[in-house]
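As structure tokens, here come the structures.
Both of the next two complexes hold chain A, though its partner changes from chain B to chain C.
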Partner chain A sequence: MEGLMTIVKEGWRYKGSGNVMWMAHRISGLGIMFFLILHVFGMSMSFFNPALHEIMLETYKTPLFAVGELGLAACLVFHSINGTRIALLELRPEWWLQQKKATQYSLVATVVIGVPMILIMAMASINHFVK
Partner chain B sequence: MKLHLKIKRFNPEHDKKPWWGEYDLDVEPGDRILDALHEVKWTLDGTLALRRSCAHGVCGSDAMRINGRNRLACKCLIKDEIKNGQIVIEPILGMRVLKDMIVDMDPFFAHYRSIMPFLVNDTPLPANGRERLQSPEDRQRFDDSTKCILCACCTTSCPSFWARGEYIGPAAIVQAHRFIFDSRDQAAQERLEILSDVDGVWRCRTAFNCTESCPRDIKVTKTIGEVKEALRTGVIA
Partner chain C sequence: MTTQPLGRTIRTVKPIPQARNNFERTMWLFMRYSGLALTLLALTHFGYQHIIVGTQNITTAQTVNNWGEAGKSINLGQFAWRAYYMAILGLAMLHGMNGVRQIAWDYIGNNKTAYTVFMGIVVLLSVIVTILGTLALIFGATAK
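Here is the complex of A and B:
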């Protein structure tokens, strides 16, 4: 808990390039984990409690979850691209000089892949709810 | 030139939480941050507490956050750090503040000691009774990690360390690297075992804050990567 408080109170203010990416990676990872827990729980309810499963499926169709889905897509795109960058730098320590460039590339790739994807999803959701 | 120095102050004996001390000084652009801190301590407010010893970037005592990033106060010039006439000084992060800039370094040195920071070689000395010789290439292999002055700039800039103080931290890994890759040392496997612990080298998330903050320009993340590689492949080369 002390560590979390250090990060929440002061860590985000540290002016390094790494801590911002580290935090973004953690937050996106937590977002994906939250989805996975909800998903596994929901699917298991189809066996253990079909009525609850139905309620959950209906809830997923609400605008709140449509927005959550956009967040999930953003988390997935960023986390996978940034994770690849981290894995590559771990496997090849001698590439350390390229780290700033690699960070910039992963952010650009997140925007290039993520923004059109989210726009397409958002348009589909808007069409669904406006109808 | 005029300098407005904003220093995060905290004395646990009477402060419930940290507060900002603000001081206006006349300084030379080529003065170091440490000179400005001395000016405050010696002429404006004697209660300011900070560590410093050699004042020339060798002892590593005066690590602190200067304008939001870890630096040695004795190696930073005011002209390089001043922004809008102001410089902000805070203690390094992730360690318990004892007073103002002074933090409790005991856990840091405990991590350092845990990796056995000394040469281990039980074989008899050479016949002439003198030192164990090493080729220039073998010496070069760990040259970078010998530069560490244990200032804690790297460890306290690491988000993994902020999140979990038990993490051994970049400085201890750099020190371990210095011996693991030393051709004369015989305890590399033992050190690697210590570093493969749950709070060892795998807690590094390759954030690179350590490399950016090192006042000795050690390639810290690369060094940690080499230790990970040695653990992964079992090859120390």
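Here is the complex of A and C:
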């Protein structure tokens, strides 16, 4: 616990921007894993218990999950693009010289792909709930 | 490794020893390659269901339609859906479990009991859910 608090308090200063990306990658990954387990359970019920499968699909259509959906989209887009940067750079060490630029590009790509996605989903939810 | 007063670091270069822990090496490579594959697979899945179909329009009928009904023969399209989901399911679960393992090791690794109990719960939950999901993808959806 103490180690965790140190990370939360000092993590933002330690090593600068690279460390923030590293932490954001972990947090978004945990968020995706949490939903993945719930999602796979819900979908598997399509075979084992269709009534429960329907309940889970209907739960995803509630306002709470509509907000969570936006968070999931943000986590997924960021984790995918940042992860692609990590994978490409670590599998091609000669690209390490471009480390800073690659981080900036992946952030720009996250915003360019993520923001329109979130806007489209938010508009769909607003149109559905606010009528 | 010695540090000079100026703050420069001098490292003694030794030949790289043979990897003793093949599991960690395999998982390191797996995280990179599965991550690249999942970028394509998971983003297309999310984009299709949430943007093209729309969360409010996802129904049990869509599941039955895409996967094919349990106990009936399936067409090529339904086979493709199942193979696609099977690939995402397996890769994402292994990728996620290993990610959680690394995070748990970093923060509670010094407490063997907490680490073992936490990872036991995570692995048990993930494996059970993966088995349920795989069986559902093998047999298909039950029509109401």
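Please note the rule applied: the second predicted complex is superposed on the first by the 118 of 131 C-alpha atoms of A that agree within 3 Å, B and C clash if a C-alpha of one lies under 4 Å from a C-alpha of the other, contacts with A are read in each partner's own complex, and residues count from 1 in each chain.
As a convention for this text, contacts are C-beta pairs under 8 Å (C-beta built on N, C-alpha and C of every residue); 3 or more make two chains touch, one makes a residue touch a chain.
In this text the structure is predicted, and so the values were computed from the model without any measurement.
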Next on the checklist: Tell me the contact category for A:Q99 with respect to chain B and chain C: first, second, both or neither.
Outcome noted: first
Next on the checklist: Just to be sure I read the superposition right, which of the two partners does A:E10 touch: chain B = first, chain C = second, or both, or neither?
Outcome noted: first
Next on the checklist: Between chain B and chain C, whom does A:L107 touch in the aligned arrangement: first, second, both, or neither?
Outcome noted: neither
Item to check | Comparison of chain B and chain C by chain A residues contacted | outcome: C
Next on the checklist: Once chain A of both complexes is superposed, is A:E69 in touch with chain B (first), chain C (second), both, or neither?
Outcome noted: second
Checklist entry - Regarding the shared-chain residue A:E90, is it in contact with chain B (first), chain C (second), both, or neither? => result both
Next on the checklist: Touch test for A:A24: chain B only (first), chain C only (second), both, or neither?
Outcome noted: neither
Checklist entry - Where does A:M121 make contact in the superposed view: on chain B (first), on chain C (second), on both, or on neither? => result second
Next on the checklist: By the touch definition above, which chain A residues appear in both interfaces, chain B in one complex and chain C in the other?
Outcome noted: 3-4, 7, 86, 90
Next on the checklist: Show me the residue ranges of chain A that touch chain B in the complex, using the header's touch definition.
Outcome noted: 2-4, 6-7, 10-11, 13-19, 21-23, 25, 86, 89-90, 92-94, 96, 99
Item to check | Touching residues on chain C, where the partner in the complex is chain A | outcome: 31-33, 35-36, 38-39, 42-43, 46-47, 50-51, 54-56, 58-60, 63-64, 67, 70, 85, 89, 92-93, 96-97, 99-100, 103, 107, 110, 125-126, 129-130, 132-133, 135-136, 139-144
Checklist outcome for this item: chain B contacts chain A in the complex at 65, 67-69, 90, 93-94, 157, 159-160, 162-165, 205-209, 211-213, 219, 221-226, 228-229
Item to check | In the complex with chain C, residue positions of chain A that touch it | outcome: 3-4, 7, 26, 29-30, 32-33, 36-37, 40-41, 43-48, 50-51, 53-54, 57, 60-61, 65-66, 69, 72-73, 76-77, 80-81, 83-84, 86-88, 90-91, 117, 120-121, 124-125, 128
